[in-house]
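Before anything else, here is the set of structures, which you'll find just below.
The following pair of complexes shares a single chain, subunit A, combined with subunit B in the former and subunit C in the latter.
For the complex of A and B:
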């Protein structure tokens, strides 16, 4: 019991922190978007408009939780829970600071890749069960986008694995003591970020929901808290990709000693989250075929080339 | 690729720009003097009502939101007995202002007319009349009209000659 209790406590704290962060990211995104578009954003409810999240949540809870009569009810209800669950599962393996992590899996990176691929089920099932042509189109796009970008995401991370010689995320972080992997793996980082944006289907790669083409894509038929689940899942996804980018390329909790490791980790992650929002503020959405073409014709060869060169250099160094 | 990075950089620099938002209830919007907002009835320099109850505004109104009834006082001066504008219908097109021959009805730069009760948007004459000459100061219809209605005697108005004595042969 005494072994399990700290774990349980940490899980509860982590769940609470992550969902709170995800909720307040909505406020952050709206404020930052506004900042980059010469506006103010929500600034009325509470200090700096922070309570807009509370108002939004209350609104979502009191909205009619409508299940369309033409929808496949069971799957329609299950789909929104999947995205949040899979993303939250990935947070299990992230080392926040020395000692502050839930599971130090020896295949941590593979676990992350697996879980982020599973997230696509939420989109596909949600779009499919909605029984709406736009939802289905969105789901189809989501599926193909996830499948193709998952490939480069995995490949781009293999360079990191080669350099650190381990799939365990703590080992990867500790291997960066001499120098962050962004210095040795800049190409891998760029590909990982692009794939990460596509994985979280954030702008500019929000093709599954593309509101100007597909109403709201896979979640057109969702309302109330079910829609809220998709929303929270998206923001959790941003946090996850930011945290992973920090862990894999920016030295995780490592940093000068004047700040505690956890703060370093949070700070770096926060900067990446801001970068995600900045991307949304600045870039237009590519066409669907452009996205696929870009993925398969540019990113895949570059990722493979990066892998080849990294492998060669590692071999040379070890001789 | 370079253009994408440039776009991101330029968007980032927008952080230091001036905000475009007008924080409305605290900051007010700058409205130009001829902005078409709330409708008022103006008075002439003697503080008499300018409206002569000609019904041209009601006829011009595309949504039929103006209703009035003309009457006359003991001097033969026409004025509206009641003048009612239903602002829940008004589209602020300004046709009434254009139609008005005496500059009585005018649109002013004010849009803050929200009400909880729809009935409160029906403005009566006492709500519409203001103690001002509006956009045309100094204009007094009955001073330039050919009609003597207690404001001036016959031939004593502006730009008006005294009546000719038709019994005299002198020029």
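For the complex of A and C:
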């Protein structure tokens, strides 16, 4: 019992922190977008408009939770939970600071890839169960986009694995003591970020939900807290990709000693979250076939080449 | 550990049976995904975490998504569910069911007579997998690579088609 208790405590704290962060990211995003577009953004409820999140949540809870009569009811209800569950599962393997992590799996990186590949089902099933042509189109786009970009995401990370010689995330962070992997793996980082944006289907790759073409894509039929789950899942996804980018390429908790490791980790992650929001403010959405073509014709060869060169250099250094 | 194994095995068997008996193809596929996930848990329990996660990434995460993708495109409605119901008559499944029941009894008998060794909990890490793939089984890997390459080339050939470029006044044929 005494072994399990700290774990349980850590899981509860982590769950609470992550959902809170994800909720307040909505405020942050709206404020930052407004700042970059020369507007005020939400500034009425509470100091700096911080309480807008509470107001939004209350609104979501009081909305009619409507299940369309033409929908496949069971799957319609299950679909939104999947995205939150799979993204939260991935947080289990991230080392936040020395000693602050839940599971130090020897195959941690693969676990992250597995969970992100399961996240596709949320979109696919949600769109299919809605039984609506716009949702179905969104789901089809989501499925093909996420399956293709998963491939590049996996390939781009293998360079890091080669350099650190381990799938364990703690080992990967410790291997960056001499220098962050962004220096040795810049190409891998760029591909990982692009694939990460596509995996979380954020702008500019929000093609599954493209408001201007597909109403709201795969979640057109969702309302109330079910829609809220998709929403929170997206922001959790942003946090996850930011945290993974920090862990894999920017030295995780490592940093000069004047700040504790956990603060370093949080700071770096926060910068990446801001980067995600900036992307939304600045880039237009590509056309659907452009997205797929870009993935398979540019990213795949570049990722493979990166892998080949990294492998060659690692072999040469070991000789 | 034993109890975890039995629970997972039970889930696997039940979900696999559900795959066969569901009339709605998407529901059947969902049970198949659960079956694959529980098989991956079994791999994990038996000390093969690498195989377990590859099972999730490749089977549950990629191949099953493609299955669902195709089924979504086919837009199978109530008509298909009715057809499936008609196909799943006792006349159809009774033969295979008896045969597999015989196999099950045999299996049960074999398990009960042999003194079953407790499963060895030696964890197979990715490095061991890689070493065995690229040393003793190199030819197998190369052959699989050739087969996959042939598949890719074949798919590219089948997918190739002429693209019609239509303008208001101009009609021309180009290659995609």
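The rule we apply is simple: the second predicted complex is superposed on the first by the 319 of 319 C-alpha atoms of A that agree within 3 Å, B and C clash if a C-alpha of one lies under 4 Å from a C-alpha of the other, contacts with A are read in each partner's own complex, and residues count from 1 in each chain.
Heads up, the rule we're going with is that contacts are C-beta pairs under 8 Å (C-beta built on N, C-alpha and C of every residue); 3 or more make two chains touch, one makes a residue touch a chain.
For clarity, every value in this text was computed on a predicted model and none was experimentally measured.
Of the two partner chains, subunit C is the only one touched by A:143; subunit B is not.
When both complexes are overlaid on chain A, the residue A:189 reaches neither subunit B nor subunit C.
Once chain A of one complex is fitted onto chain A of the other, the partner contacts of A:253 are absent, as it touches neither subunit B nor subunit C. In the superposition on chain A, A:272 contacts neither subunit B nor subunit C. Of the two partner chains placed around the shared chain by superposition, subunit C is the only one that A:105 touches, whereas subunit B remains out of contact. Measured by the number of subunit A residues touched, the leading partner among subunit B and subunit C is C. Applying the stated contact rule after C-alpha superposition, one finds that A:91 touches neither subunit B nor subunit C.
Within the superposed three-chain model, A:72 lies in touch with subunit C and out of touch with subunit B [touch as defined at top]. The residues of subunit A lying in touch with subunit C in their complex are 72, 75, 105-107, 110-111, 113-114, 117-118, 120-121, 124-125, 127-128, 136, 139-140, 143-144, 146-147, 150, 154, 167.
Per the touch definition, subunit C reaches subunit A in the complex via residues 24, 26-27, 30, 33, 49-50, 53-54, 56-57, 60-62, 65-66, 68-69, 72-73, 123, 125-126.
Those residues of subunit B that touch subunit A in the complex are listed here as 4, 7-8, 10-12, 14-15, 17-21, 23. Within the complex, the subunit A residues that touch subunit B are 35-40, 278-279, 281-283.
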